[in-house]
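In what follows, structures are represented as structure tokens.
The two complexes that follow have chain A in common; it is paired with chain B in the first and with chain C in the second.
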Partner chain A sequence: MDMKIYVCVKHVPDSAANIAVKDGNTIDDKISFLLNPYDEHAVTEAAALKKHLGRGEVIAISLGTEDVEKTLRSAMAMGADRSILVKTDRQRDSIFTARALKAAIDQDGSPAIIFTGRESIDMEGMQTMFRLGAAFGFPVASNVIKFTPEKNSATVESQTEGGGKNIYHLSMPCVLGVGRGINTPSYPTFPDVVKARKKEVKTIDVKDLNITPSPSSMSVISLEPFAQERRAREITGTPAEQVQTLVNILRNEAKVLN
Partner chain B sequence: MTKKYDAIIIGAGVIGSPIAYELCKMGYKTLNVDKLPDAGEGSTAGSCAIVRAHYSTADGVAMAYEGFKYWLDWENYLDHAEDEKGLAKYMNTGSLLLKSEGHDWKKVQANYDEVGVKYEEWDNETIKAKVPPIDLHKFWPVRRPEDPAFYDEPTEMLEGGIFCAEGGYVNDPALSAHNIMRAAEAKGGTFMFNAEVVEIRSENGKVLGITLKDGTQIDAPVVVNAGGPHSFKITKMAEGVWEGCNIKTKALRHEVMHCPSPDGYDYLNDGYHMSDGDIGCYVRPEVGNMFLIGSEDPDCDPQEWVDPDEFYAGKGGHGKDNQLTDEQWKAQCYRLGKRIPELKVPNQSKGVCDLYDCSDDWIPVYDKTDLGGFYLAVGTSGNQYKNAPVVGRMMAELIDACEKGLDHDNEPFQFTYKYTGRTMDVGFFSRKREINYNSSFSVNG
Partner chain C sequence: MEKTGVVIEIKKGRIKDANLGMIACARAANREVYALILNDTAENFREILEAHGVHAMVEITTGGADHTPWNPEQHTRAIITAMEALHIKALLALTTPMGRELLPRIAAALDAPLVMDCIDVDLEKGLARTTLYSGKTIGTIQVTGSHELFGIRPNVIAPVPVKTKAKMISMPIDTPVSGKFKTVEILPGQSSQTDITEADIIISGGRAMQSKENFDLLFQCAHTMGAAVGASRVAVDMGWVPYTMQVGQTGEKVSPRVYIACGISGSIQHFAGMKMSGMIIAINTNAEAAMVSNCDYFIEGDLFEIVPLLTQRLTQKAK
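Right after this comes the complex of A and B.
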């Protein structure tokens, strides 16, 4: 049987859009949504692994509404061979999401490896990959910036806060939450987009997966936009004075210098 | 005390600033007022600043060709005025117009011949040698990615293009307006920023001056509307002027995309400005080896006419506010992706969303009005950036002639181009003209 490389992706609001909140707890979906930027790296890494191995199949999978097909098409244009849309009509927490993804993957095949982004830029929960790993009984590494596949195992480098690096050896299958440093996303050309239109999106209704409900859950009670105050200030004087003023601002106000 | 000037110019963009500069050179004491904090910060900053000669009318070609001479000789034009921000640079890339059904290129060619624009005809092999990643299949008609026929395999080829070695873009349009402001100041001009005009005062059919939002009144016997996308609001403030215009203006939302050039193709240094009516796009290089992709407004694309104040405040929602849309990002990038098949299109859009001050026939209005002393330099429709220095001179001479008694409506002012020596009938830009059906009704002008 062919090696199955799964990539879990999420349909997220465009970070550059004018984000508005609907009903106090959801992002208004009238703005542009796209493939979560970290997941672009995950898809790129999955496609690179397939190319490296010279075999395998890359399957993008996502939980969401019908609109998510657009994001799955993006993932397929970037190298996924086909995709699975687990359809739900509402926002789900990471407990449910991980259970749904596991059930859909189980129904589809046996994963050799699962890639995700290190986080989604909308919720930034950083939980789904761990819950998914736990559900499968697979090891998980997060913020992976280097991935070296070996026979039945993998060596990965994970970046930690403050610029440190941890090197892990994981048995395969495993779940890898990839960070930005791992690769440069392989964006699609127009011919890639044309090919992706013909690739399969298998749609499964989440109800048909018979997911065991969890006794615990988490929901968003309130969502408030963060309005960043931006003020322009002119720095005047001689070049030396301007530099001194700038250093003072960076040290005393922005506190990015010691 | 009410301040007095010889002329007030509303707007300090790339149209308002050169009008002031030229009036100053003629001895007028001018004031530019602009609601933004600095020169060129409005829709000028969002301009692609393309300098090319192809227009659908001979007069349009002639004016653009005259404009080159100013951009090529920028420091002299500014009379060596200093700008602490540095000088804008004209980047001469050459300009390639692909022959297609999307452009009336035969008319453009005839206009080139009439005006004396130097050009070469390139066949497909020549274009391919000059632009290696190009695919010269014919993709006409222009469609949207939502249309399944968008993805149809092309079967025919284009038939070459027309190349003008003189053509390119200005690297920083806002800076170019700032440069002209400094040049105007060196000749005695004054600029006032963060000042919003709320009233055009007049009496007995003659303009008296303006009133600002804070109540300040400033008087001048001449007031010029160079308000860019806000121009229609300013025109309506002047008594009887809107009603006296047969050609009106309004603000049109427009998106321009920045997409990286394919690996291995140094578009920034080796590429041309290209007008490609076959895919409804124009492109020019941008810093970072990017393709800057503008739309030539194909009929299948939505046109959003917006209120400029709401737009710049980020209001109106998806497709109407000042944010790029995913739909248009894909439309413009995928269209170019047909022409440049190695072009990689990121998922997140990058670019500029701004407004055109668009006239009914996409040809500007450079004219007097039915209110004495009130003038219009409006309706620049996304295609007048390149002409701005010429427009400055032409408007200044028109204003001076009218103030000295010329009946421009009945005996249109004849403007002689400084460099090409051609004479322009300024009546061509009249507010009272009938719609000019020779126009392309697009950014091409």
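Right after this comes the complex of A and C.
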């Protein structure tokens, strides 16, 4: 049987978009949405693994509204062979998301490995990959900046502080949350984009997965724009005077110098 | 009384300062605070923990025969064992590389809610405040469940000194390493460098730095004031500095007391990582740059002139 490489991806607001709050706890979604930047690395790594093995199938999977198809097409243009859209009508917490992804993957096949990005740039939860791993009983590593596949196992480097690294050895199947630095995604060419239009997107309604809800939940009850008004005061004078003023500000106002 | 566990982070034999704000956050609820200390001598930290209101020190030693200095999977199971033994339902840790490894693993194992990178937590109500949408909004998140877990953003919550007497609980926990997940090697980072997520002052460089060598100007300047050095994504992508130094939406989210941006234009993605800074100072040749219009103080000038002068000035002061 063909080796199945799953990549969990998320449809998130464009990093350059201005975010406006709507109804007190959601955002105005009339902005452009894209493949989560960290997930670009996850798709790239999955495609590289397939190439390295010379076999296998890369399947992108996402939980979201119909619009998510656009992001799945991007993932397919970057190397996924087909994709699965688990349809829901709203933003879900990671507890539910992991359950839904697990159920949809179970229905599709048995994973050899699952890749995700280390976090999504909208909810910044940093946890879906761990919940997914727990649901499957697979080991998990996140913030992975180097991945070396071996026979039935993998060695990964996980980034820590000050440029440090932890090197872990995981049995396969496993779940890896990848960080920037693991690879350089190459952006799809026009033929890639055209080819991706013809690839399969299987749509499943989340209701049909009969997910047993968790007693635990996380819900955003209010959202406010975070814009700090700062008063941009100019430090003037000759360079020497400017530096003197700067030192005075650091010492007397910010109180960060002894 | 209900108990709140706080996972204490220790670096080079010292309790990281950021722990103290986290303890203050735990103290704000009318509960007992249990400081969990992993594989270290709790007594060494008694004085500072008792000065900040900790009720108990829990010294957890993992592994028995399978002891390893760091195995997040094994340490997760040890913390859960301690939480169960002591009836701890609420747990706090820092949103640092260590907290990012432990908290989600614990939450996943307990099927418990978790909010990372909190800037405020109300344990009684199960509410956490955190930035959402890449730092462009602040959200209040309600958690429900039999346990509640929170990752605290370092340096945002101020420490509150308060005296207590802490009892000592020693817990050797024999958790064998699972065959599925093993630590092969731990390669520490450069310990001489202050980590950007915990620094009081960050001096960052962008495209204008032009080269890896020129970043030395920032390192020298940082050294004179105990600052950490950060960078824009461009500086990272050019290969001048490592990824760990990147500030922004796809880098670190930092909240130092002072952020000095040298030759950084102030893209929306860069701001996403540093807008929580106490004070922002821009050094830029272009007075129209977004960084300049959104800062507290700016110098319209050439960083190659200003930064060395600043280093010189601070070195003189130090003498």
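One rule holds in what follows: the second predicted complex is superposed on the first by the 227 of 258 C-alpha atoms of A that agree within 3 Å, B and C clash if a C-alpha of one lies under 4 Å from a C-alpha of the other, contacts with A are read in each partner's own complex, and residues count from 1 in each chain.
Heads up, the rule we're going with is that a residue touches a chain if its C-beta (ideal position, glycine included) is under 8 Å from a C-beta of that chain, and two chains touch if they have at least 3 such contacts.
Not measured: the values here are computed from a predicted model.
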Q: Report for A:V194: first if it touches chain B alone, second if chain C alone, otherwise both or neither.
A: first
(Q) I'd like to know which partner A:G24 touches here: chain B for first, chain C for second, both or neither. (A) neither
Q: Would you check which partner chain A:S74 touches, where first means chain B only, second means chain C only, and both and neither mean what they say?
A: first
Q.
By the touch definition at the top of the document, which applies to A:R230: first (chain B), second (chain C), both, or neither?
A. second
Q: Could you say whether A:P37 touches chain B, chain C, both of them, or neither, answering first, second, both or neither?
A: both
Q) Now for A:D122: first (chain B), second (chain C), both, or neither, which partner does it touch? A) second
Q) Of chain B and chain C, which one touches more of chain A's residues? A) C
**Q.** chain B/chain C common contact set on chain A
**A.** 15-16, 18, 37, 232
Q. In their complex, what parts of chain A are in touch with chain B?
A. 14-18, 30-35, 37, 40, 74, 185-191, 193-194, 197, 232
Q) What part of chain B is in contact with chain A in the complex they form? A) 37, 151, 314, 317-318, 321, 323-326, 334, 337-338, 341-349
Q.
Give the list of chain C residues in touch with chain A in this complex.
A. 70, 73, 96-98, 100-101, 103-105, 107-109, 111-117, 127, 130-147, 151, 178-191, 193, 195, 197, 200-201, 225, 242-244, 246, 249-251, 257-258, 267-269, 272, 275, 278-281, 287, 292-301, 305-306, 309-310, 313-314, 317
Q. Where on chain A is chain C touching in the complex?
A. 13, 15-16, 18-19, 21, 25, 27, 37-38, 93, 95, 98, 121-127, 129-131, 133-134, 138-143, 145, 155, 158-171, 174, 179-181, 214-226, 228, 230-235, 239-240, 242-244, 246-247, 249-250, 253-257
